[in-house]
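Heads up, the next two complexes both have chain A, just with different partners, chain B and then chain C.
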Partner chain A sequence: MSPRPGFVLEVDRSTPPTLYWHGERFRLERLPEGSRVIYAPEPIDPLEDPSAAIRRALQSPLGDKDPLPALLRAGMKLTIAFDDISLPLPPMERPDIRQLVIEQVLDMAAEAGVDDVELIVALALHRRMTEPELRHALGDRIYDAFAPNGLLTQHDAEDPDALVHLGQTDHGEDVEINKRAAESDLLVYVNINLVAMDGGHKSVATGLASYKSLRHHHNPQTMRQSRSFMDQHHSELHTSNWRMGRLIADSGVNVFQIETNLNNDAFPPAFSFLQKREWEWSVKDRLAYLGVSKALDRTPAKYARQIFHSVKAPHRMTAVQAGEVEAVHAVTTDNVWRQQGVTVDGQTDILSMGLPYISPYNVNSILNPILVACLGLGYFFNMYRGKPLVREGGVVIMSHPTPWEFNPVHHPSYIDFFEQVLSETTDPIEVAKGFEESFATDPWYIHLYRTGHAYHGVHPFYMWYWCAHALQHLGGVIIVGGDPAAVHRLGFRVASTMADALEMAQDIVGPSPTLTHVHTPPILMSDVQ
Partner chain B sequence: MKALVFERNLPRFAASRVASVFGSGRGAGIGPLQFLDALPPEVPGDDWFHLRPLLSGICGSDLATLDGRSSRYFEDIVSFPFIPGHEVVGVLDDGGVDHAGTALPPGARAVVEPVLGCAPRHIQPPCPQCGAGHYGLCEYLAFGDLSPGLQTGFCADTGGGWSAAGLVAHTSQLHSVPEQFTDEDAVIVEPTACAVHAALSGGIEPDDTVAVVGAGTLGLATIAALHHLVRPTTACTVVAGAKHPHQRRVAESLGADTVVPPDQLARAVRRQAGSLVLAGRLTGGADVVFDCVGSSESLTQSLAMVRPRGRVVVVGMPAKVSVDLAPLWHRELTLIGAYAYGTESGASPTGERRTFEMAIDLVAEADLGSLVSAAYPLDRYEEAIVHAGAAGRRGAVKVVFDLRHRKGPKR
Partner chain C sequence: MTTNFGSSRSLLKPRAVRADAALGTNRSRAIGAVKRLSPTDIASRAGNRRFPLAAPSWPESVPRPAPEHRLGVDYDTDWSRKYPVRLVRAMLLDNVTRPLARLIADPLVRGDEYLATLDAPVIFAANHTSHVDTPLLMSCLPLRFRHRTVVAAAADYFFDRRWKSDLFAFSLGAIPIERNKVNRRSAQLAADLVEDGWNLIIFPEGGRSPDGWGQLYRGGAAYLSVRTGRPVVPVHLQGTGNVLPKGGRGIRRTRTTVTFGTPLLPDEGEDARRFGARIESAVATLADEATTDWWTARRRAVAGTTPRLQGPDVAPWRRSWALPKATSATPNPNADVDGTGWPRRTGTRSQ
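Now for the complex of A and B:
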């Protein structure tokens, strides 16, 4: 039986309560009659033989690109860059897609006699990955072959000796990327395309770039003009990256792009109820829900977080394509929509969402308040094509405990951003104007980014800019069950129950509002008609 | 007439110290402070005048004394029994003459500069410090015509502000109160003078980063002094730590650029100074830190956030503290005490100015009288002292005794 497409349920009297993620816990909420609940399509069947599919893709590239074996020759300089810890979510069971793909690329390189090969984690301004995380992504064999010899490196956007300025686009955007990647005869980029935003020219132009380059598109103005950044053709973020990508290609950097699609089978069997629609829960699902949810309620948040971060997703690869960047990405994006797209008729007054424990920027870490905002308003809000799910002036209700808690190793500048910047202003434009440069050039943050496992000093700004479109569009944001102090610092309102939140929302959108809930994760994208 | 009298009584002293474990001022009712009948003190000479208190503040040093937490260092420069209260505005019922030689008519209000230096003690010639106008540093605090006592409010002969029977003040101690001043404005002059002296002791240079630890009366007045007296000629950035929301609001309104909770202060200073961090200490840090608390914790915090060769100005009264001085030695820090007031050099076009006169101007300019948050009649001294001991937590800054025969606390 083929997987069922996404579905929009209209809540009626017989509809069971709806599951909401609430950080490391769950809530069941009975929604008003007439509310809509959007469910993701069921997981697409995976490739039967991923290795064969990868081989085929490398040998039969898309666009104006020779097969990979034809691009490889003895004496050449080959660099393989790959996505970092932020993808996929949750991290997938072994073997990770990066391992599967890179193994094949390395086999082909070995057959061609290429011996100058380096691997680079394309982490942009994200934190450096730890050894266990790298071993998980690449497998022990690759890690042991490259890391001890210094051939597996993590992109350092603050090392002037490791960057090269390729020029400026016709819009005056600096393009400065990793020197080794730029000066290689061939740059193979291995993507995991979890959402439509990922991949394309953004891979190299962002993943291997410096702050000098990134600031041209990671800013509030660009984000406000990206509607949404999940829709490349209406995203200024992508337009800028595409300009940069074309300049990179024109500069002679030979990029062989590999993009992979995953199905949305995001949780192991113990959490099977998360993948199902509530009215279809079996007795086993109900028991599983009760068991998990009661156990989590009794588990301190710290340990619940550890439990969830140890969960590995049974994601499976559904497609792989390789070759010229734009040709590859067009196919990949179609595949993402095939797995995640749901057609939704019209906007809503109130959009609700249950936020889970994880976002791209807190794998093995804490979803701090800034990341809560980013996950809800940056990601979930922007998972649309056409127009936002919620109307202009509408309200987003998020469910998350939003503790005033930060991981000081991973997010040191987030702490200062939260304490010192958001206490002054939450306006993304003002935030950028008043504070960005000092954080971006702060020597302590730079030191921690380069030598520890810290996100770059400017990263919390980017998370806030990610919210810029939503903040401009919405009439209000309410967090159910959030820590009042933290929520107020974000500039949002806090409600203790969903009923209270709906009541508060009516003050903004008026009486008898329409409500739509996005039942995610698993991830879904709305095509709003 | 009633007065609060502090007697040397070791069992009561011990009881007060034990009670203070449960909160500053908790031992007021069982400690060495007694609510007794008292007579007006005798004037020690022709140049002394009776003053009838209107308002008299409860200071951190008073609380430390009542709690038995003050240093034994002071034992020989106080005399018992004494009537506390050195932050005083009062009425000269019989008139008087102020420090500048100006005659004050009967009924005039005056504030007391409480240091009991060489002039009140009739010591001639004065000690080198008094001779130089540094009255707070007087070398003869236990000599001359008066019993030992570093200030009015710690001397057996002068009385103090916590007395309906009044006190006596030497002409050199009297400053007339401007007409437009409320009593609240006037009573805040003394702590403001401490802050003025501290701010001017910091040696602040252009573009310095200045941190202020503590946001009680002294901390807030120091921020005001920095803003109004230092900044006009020397641009600097002031980062302040304040525990309570009302303190943060006031600190901002008085001119602090950044105000954060105390546990965020080091991070805020680090951001401002662009420092790195090593083992919980800043490698760089603030150029000048004003410690307006004076505890082991605040001194440790101050030393951990000042740059090498920077200065830590101790404004809050310390007692015996436990502080690791390795950073002081290794980073060549300067630890400066800033006690009381006297004459500030370079503070006017003519060269020198009395700190108290500068404080009077600052109180007017920064509306520091608004720091007076609660006033109690003398007979409710236990409540008043407990309130003062928990001022920050209870949304107050300065708690005072109101001797104007008003009933009940001001708010």
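Now for the complex of A and C:
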């Protein structure tokens, strides 16, 4: 049977309670009759032979590009850049797609006699990956061949010697990217496309860029004009990146883009109930849910988090395409929509969502309050095309414990941002004006970013800017089950139950509201008509 | 921040939920239009509170996929009429069910002499107040009927799960009957079995009484008799509602009475509806007989003053008040009326 497309359910009295993520826990909520629940399409069938598909893609590129073997020659300088730990979510079971693709690229390079090869993690201002994380992404064979020789590096956006300024776009945007990548004869970028925002020119123009370059599109004004940043054609974030990408190409940087699509099979069989529609839960699913949820309820959050972060997703590759950046990305985006798209009729007054334990920025770490806001208002809110799922002036209800808890190794600047900045203002514009510069240039944060495993000092600002469109659009945000102090610091309201949250939401949207719930996992994109 | 209630309202479209997505087709994506929640909706909470301990219910707007196993009226009961299964069932009925029925319900059987000269197959049409009715009635059937009898059982109740279907087909020889609508398959199955020589127990009320009084009779028994030409034996079971009433949690030892009536055949040209009314009236007379005596019941029947099976049309508490009182199952010194052992029988009754 072919996988079923997405589905919008109208809740009636026979609808079983709906599953909500709640951080490292789950909740079953009995929604009011007449509510809508949006379910994602089922995982589409993976490629039968991923290695053969990769080889075909490299030999038959899209757009104005020669096959990869034809681009490789002895004596050339080859750089292979790839996406960092933020993709995919959760991290996939071995072998990771990056390993499968890069091994084939290296095989071709070896056949062509290319000696000067370097691998770069395109982490922009994200934290550096640890050795186990790199081994997981690349496999031991690649890691052992390149890392000991210093040929596996992590992009350093604060190393002036490792950056090159390629110029300014016609909008005055500085384009400063990784020097090794820019000066190579060929830059192969290996991407994993989990959401429509990823890939395209954003891979190089953001992943290998410096703060000087990123600040042109990572700001509140751009984010407010990205409606949404999951919809490339209506996203100022992408428009800016595309301008930069074209300038990079015009500067002579030869980018061979390889993009991959995954299906949305995000959790192993023990958690299969997460991805099922509740009325289809079998006895096994119900037992699994009861076992897992009861065990988690009795497990301290710290250990529950460790358990979840040890979960590897059985994602499988559904497509791979290579060649010229824009031609490749057009196909990739279509594939993302094919897997995640659900057509939804009309906006809603109240949008509810259960937030999980993980976002792109806390793999093997804590989903701190800022990341909770970013996940709900930055990501889930923006998973639309056309118009937001919730109407202007509407309310978002999120379910998450939102603990006042930070990982000091990964998110040191987040702690200060939360304590010092959000206590002053939650307005993204004011935040940017008053505080961004000092955090972005703080030598201690830069030191931790360059030498440790810390996100850049400016990163919490970007997470807050990610929420800028939602904050401007919404009439209120309510977090069910959140830590009151942390939630109030974010400028949101807290409710102890969904029923309370609905009562509070009606104070904002008025009586007789409409309610829509986005059922995750897996992630989905709403095409709002 | 802005608030704009008007913008979304203008976007609303007529409510429509395309449920095709639930069935695994890869057609167009489902679309669910937004619906405003009334205060009643907001106060409501959908779904079973006991989920996931209890099985999930199925949303009304989502069509169910074809069941993996054929259940309900589609359940195949042929296996339960194979000789080895019948043998085990007969042993179970004679050695377990009958002693248990005697212990718990202590039935007094009246009118079974009508069955002595009756040729099988026949259709037994009884009133229905308890799950005890079927095993009790089977226990009280004469031997030549007892082990070649099937029971018409509600397809939506006894055949909605695989394990229930197997259990009741095996233990009672149950066959699935659609009770909520006309179903060609279940009617055909019952008629085929009767024509094939199987006796049939059927409860024309379609389900157990919710309050101890009878319900309106449906036409199944009459239809089968008209179609097959086989007689209907009206049966009245009294007291089983006190043993295990509908919704009751435990079994209570109580004396019961099983009264067989005169076999009925449809008259020339009589249709199923009129014949059904005659069956209902015959059972009502037997009910009267169970609480009075045969002669009184006959006189009332002739005079048209037999109490209705459905009880008085008054307030619920008065209906409950008017029910015949339960009779204790403590040993009755007069139980063995004719001295022939169990079940207790009243002996030959003059016509």
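Here are some notes:
Heads up, the rule we're going with is that the second predicted complex is superposed on the first by the 529 of 529 C-alpha atoms of A that agree within 3 Å, B and C clash if a C-alpha of one lies under 4 Å from a C-alpha of the other, contacts with A are read in each partner's own complex, and residues count from 1 in each chain.
The rule we apply is simple: a residue touches a chain if its C-beta (ideal position, glycine included) is under 8 Å from a C-beta of that chain, and two chains touch if they have at least 3 such contacts.
Since this is a predicted model, take the numbers as computed values, not measurements.
With the two structures aligned on chain A, chain B fits next to chain C without clashing. When the two complexes are overlaid on their common chain A, residue A:4 makes contact with chain C while staying clear of chain B. By the touch criterion defined above, A:416 lies against chain B but remains apart from chain C after alignment on the C-alpha atoms of chain A. Looking at the shared chain after the overlay, A:344 reaches chain C, while chain B stays out of its contact range. Shared-chain residue A:149: touches no atom of chain B or chain C. When both complexes are overlaid on chain A, the residue A:447 reaches chain B alone and has no touch with chain C. By the touch criterion defined above, A:438 reaches chain B but does not reach chain C. Ranking chain B and chain C by residues of chain A touched puts C first.
The gap separating chain B from chain C at its narrowest, counted between C-alpha atoms of the superposed chains, is 27 angstrom.
Overlap of the chain B and chain C interfaces on chain A comprises no residues.
Interface of chain A with chain C (complex): residues 1-18, 28, 30-36, 38, 41, 277-281, 283, 285-286, 289-290, 341-349, 391-394, 471-472, 474-475, 502, 506, 508-516, 527, 529. The touching residues of chain B, when paired with chain A in their complex, are 258, 260, 264, 267-268, 270-271, 274-277.
Per the touch definition, chain C reaches chain A in the complex via residues 1-5, 7-8, 11-13, 15-18, 21-39, 41-49, 51-53, 55-62.
Against chain B, the residues of chain A that register as touching in their complex are 415-416, 419-420, 423, 438, 442-444, 447.
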